[in-house]
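The data blocks that follow each hold one structure.
Look for chain A in each of the two complexes below; its partner is chain B in the first and chain C in the second.
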Partner chain A sequence: MGAGHAHKLYRHGHSPVHGLPPHTKLAAVFAFVVVVVSTPREAMWAFGLYAVLLGAVACVAHVPAGFLLRRLLIEVPFVAFAVLMPFVAEGERVDVLGLSLSVNGLWGAWNVLAKGTLGVAASVLLAATTELRELLLGLQRLRLPPLLVQIASFMIRYGDVVTDEMRRMRIARESRGFEARGVRHWGVLAKSAGALFIRSYERGERVHLAMLSRGYAGSMPVIDEVTASRAQWSYALALPCAALLVCLLGWTL
Partner chain B sequence: MHVPDGFINAPTSAVTGVIAAGAIAVSLRGARREQGGERTAPLAGLVAAFIFAVQMLNFPVAGGTSGHLLGGALAAILVGPYTGVLCVSVVLLMQGILFADGGLTALGVNITTMAIVTTVVAYALFRGLVKVLPRTRRSVTAAAFVAALVSVPAAALAFTLMYAIGGTTDVSIGKVATAMIGVHVLIGIGEAVITALTVGAVIAVRPDLVYGARGLTQKLKLRVNGELVDAPGAEPEPVPAASRTSHRKVWAAGLITSLLLAGFVSFYASANPDGLEKVATDHGIDKKAEEHAVADSPLADYGVEDVDDDRLSGGLAGVIGVGVTVVAGTGVFWAVRRRTDDTSPSDTTNATDATDAKDATATTSTTSTTGTTSTTGTSV
Partner chain C sequence: MTASLEVSGLAFAYPDGHQALFGVDFSVARGERVALLGPNGAGKTTLVLHLNGILTGGAGTVKVAGLPVDKRNMAEVRRRVGIVFQDPDDQLFMPTVREDVAFGPAAAGLKGPDLEERVDRALERVGMAEFKERPPHHLSFGQRRRVAVATVLAMEPEILVLDEPSSNLDPASRRELADILRSLDVTVLMVTHDLPYALELCPRSLVLSDGVIAADGPTGELLSDEELMRAHRLELPFGFDPRSVPATPARP
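Up next, the complex of A and B:
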């Protein structure tokens, strides 16, 4: 239990970024990504500036570059897709190293790569500096429907429990000599998935009864109301505002 | 299939975001009905955790490759369509914020394709099949197979549509469609096999937990002095009158929408909207294609003969097409319903005669929470 409640993506710290209220950070990241997406793809230098901005935030938050770059690997499947684009897109073509590539496709690939990478990096920074519980409080503060936030919080809380149950089932299967090698073994795995569903659902029923016996009546009590001062909002919104400046420059230049 | 930022342009992302928000609002209300009031949060939360976990369960295919379950169809069948939409949406939201899997601005696109389209298509197909097929467990599994099989390419199709509207690169839609749907038909086969097996596994142990098979539980029968009588105190059947009116409403709304779409929106449809047709003309595949046998029918090529205005003719053809489809579909349903009505009484008595005691004990053990055990105790 000791370490189970902090997720692996979170880096504990006491930097100014860690200390900001969660909903300001969520709003800032979302605004930043929107600004990045609406930047014209021809303004290549703008994306460089965005990267510098994110780098500055990472520096303030004491998130090491290696950690950030390793987390960026989640993007790899779409990088593969982006690499294919210049070969299949239409329009006029140029010869690069003996390959005939579409100009439009090259632009498209650059567009997806740059914007996607910046978006992923922003999300990674958010997850690295905000605790799970804080994130949920922030979402609630941003007026997400309370029921949705409750479902999300149950998912986060019991995600590890259910995953562990799945791991125990796998160990039980393997200790009886089972090894899934191909399609013929899907039956066994699907039976495990079915058992996992029944266990999760029954756990949900038990959790509900336990909550009822502690006075649950459809909504969770808010114990620590998070509020943000004007200064905190302005700190958080410094990132998207700077990005907006770059974006406007990108449109005019 | 998680779409990153910058793949779909900003206006389309915004529109899909609004669609996703609306669908989630509807699902929040519907899920309360499905799960029963304040039980929604813990149950839906645990099911979301289950989907999250089961997406990590790898199913080896062959030669070292493996796939995993997407879970939209499975969630819809196991816990109902509204809760299913909610669970998958929450999983996508958390994946976007925590794991940076799928862009934040593309959240609307991701939720619309992977949570809404898969779940709704799968559940509609599943319900339709369960109604038509005989009322057995095997047909539930078969219906789950077909529903999951269709739901994945349907999501790919929805993505292609969004790409056609707001894609940032002009890769030809025909190519995107063939690539996406081709790949996702393969994924869909795996999804279908695993979903069907999983639903089969759950239905074998706790049939009462499978939302899609709720109507299939047989009534508990007791043998009193050698005669079979209905067990008292079973949960009451839902009032059919209310459901019938709502069906009628849904039916009318659907009819009006399709008429509107066919009659007016088709004015603005592209002249060559079909990716396959486009690819075929581009590559000259269709040179050999012969004219269809009904090419000179009055409705050939989506237009009405002797009506000169292109738009008017297309719209009229659409309206007539919808009308014919509705009449044919209603006819089929009517015939099927007549047949099941004719045969159902004798069928159920035969089934209960043959497996009376076994069924009674089986049902009691599975629904022991509803207090049916006490009734058997008193009658024996």
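Up next, the complex of A and C:
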């Protein structure tokens, strides 16, 4: 599998984390996020421990900190909302650097920020160690409705085809002297989008014909059966189990 | 010996009332390579979609290796008739070449090492074995067309139906595909308006025009019949003389 052809979120490697079956990793990340979310926000040290746990996973997976941090930037738009909370929330207020902030709001912002960041970091680690294709197989194995898996897999297959079609339409527009420069040109762009939709829809019909011709009868045949041994499951579940321990401590202390 | 394909009295009108086929009769013997020629709008694609029962409901019958195309036999018919569509991007819908080639046999219930072997063999026959794990959109157009042929070969069909196999290919890819098609020991029905390609590959041709078979005979003779060609809007490329090319030998 050529590394140059993989998705840019994926980081090619042969670490123990890369080698785990995809569905065990999916289950582990999901369980980890659930545990993190159910931790009381006042137990700040618990979130520190979670971060340490993720750091350990990244270390085992040979994912460098820089790679992880750069991809965490995706979170920024959501963080903007958290930053506003101390200013707008009701209740008791406290002065910080001359600003009057809501105590409730501060806790709320911390809650969103900490849990959000940990969730995104876990997902980034999953994406960095699992190829898209494998993720789909994992979801299939975890009994996600097959229709959803099929839709996702067609999205991956045809994303590039549709993008390319879009690029060709743009070149055709520009070759005839069109440049989108403002609201007045939105009509043209909207028509292009409509044309793209019709083309993709028709392609969908042709693909369906091709599938029928090769014996498709409503469900995708199973080509790769992914299985996991007990050892692999316990490896993968080490992360959420450790997190659960921290969470329970957070509730009792 | 039963013919690979037998079409008799096939007529079909689309739901909007447009009638595309008006009684088509022909048969293709096992091992033959036949070209189906016709201008745009002659009903070629409509005919092709009848061969594996995607379109049904008109008059007439289609039989594949003696098996009538109807609801009861649909799964078997679709396994026996391998259609290679014109745009490989429509044909190759799975994330990797391997999975795409495996799709047909897996749908028919094959799995494990048998499936893997079938995939390898099909890819080898079109010279694409080393591209097994690649996503289809990272291949060249000619390579995609070859993989499209492999997806169908993997089902070990009785008859291979190719819709405009030479369209959009550069001369080298065109020749490579011709070599591959010549090396296959399956019955081939090739729908095309690339007349030199038909002459190169198919000893026999059918002319479909206005929804009926207007001519059926050796490709060289049909292409040399100027009146026939003109009557059905079939034109040879500039400077091409079918009489200057030796006749395609029939398969031994």
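FYI, the second predicted complex is superposed on the first by the 247 of 253 C-alpha atoms of A that agree within 3 Å, B and C clash if a C-alpha of one lies under 4 Å from a C-alpha of the other, contacts with A are read in each partner's own complex, and residues count from 1 in each chain.
One rule holds in what follows: contacts are C-beta pairs under 8 Å (C-beta built on N, C-alpha and C of every residue); 3 or more make two chains touch, one makes a residue touch a chain.
Quantities reported herein were computed from a predicted structural model and do not represent experimental measurements.
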**OP:** Counting touched residues of chain A, say whether chain B or chain C comes out ahead.
**Re:** B
Original post:
So, A:211: does it touch chain B (first), chain C (second), both, or neither?
Top reply: both
Original post:
Which partner does A:126 contact after superposing on A: first (chain B), second (chain C), both, neither?
Top reply: first
Original post:
Between chain B (first) and chain C (second), which, if any, makes contact with A:221: first, second, both or neither?
Top reply: second
**OP:** Would you sort A:104 into first (chain B), second (chain C), both or neither based on which partner it touches?
**Re:** first
Original post:
Thinking of the overlay built on chain A, is A:152 touched by chain B (first), by chain C (second), by both, or by neither?
Top reply: first
**OP:** Using the superposition on chain A described above, determine whether A:245 touches chain B (first), chain C (second), both, or neither.
**Re:** neither
**OP:** In the overlay, answer first, second, both or neither for which of chain B and chain C A:161 touches.
**Re:** both
Original post:
What is the contact status of A:37 with respect to chain B (first) and chain C (second): first, second, both, or neither?
Top reply: first
Original post:
Is A:203 in contact with chain B, with chain C, with both, or with neither (first, second, both, neither)?
Top reply: both
Original post:
Where on chain A do the contacts with chain B and the contacts with chain C coincide?
Top reply: 132, 153-154, 156-158, 161, 203, 207, 211, 216-217
**OP:** Going by the contact rule at the top, pick out the chain A residues touching chain B in the complex.
**Re:** 7, 9, 26, 29-30, 33-34, 36-38, 41, 71, 74-75, 78, 85, 88-91, 104-105, 107-109, 111-112, 114-116, 118-124, 126-127, 132, 135, 145, 147-148, 150-159, 161-163, 165-166, 180-183, 185-187, 189-198, 200-201, 203-205, 207-208, 211, 216-218
Original post:
Taking the complex as given, what residues does chain B use to touch chain A?
Top reply: 4-7, 9-10, 13, 24-25, 28, 31-32, 37-50, 52-54, 56-57, 59-62, 69, 78-79, 86-87, 90-91, 93-94, 96-101, 103-105, 168-172, 175, 193-194, 197-202, 204-206, 209
Original post:
Which of the residues in chain C come into contact with chain A in the complex?
Top reply: 49, 52, 54, 75, 78-79, 81-83, 85, 87, 89-91, 93-96, 99, 102-104, 106-108, 111, 115, 133-138, 151-152, 155
Original post:
In their complex, what parts of chain A are in touch with chain C?
Top reply: 1-2, 5, 132-133, 136, 153-154, 156-158, 160-161, 203, 206-207, 209-217, 221-225
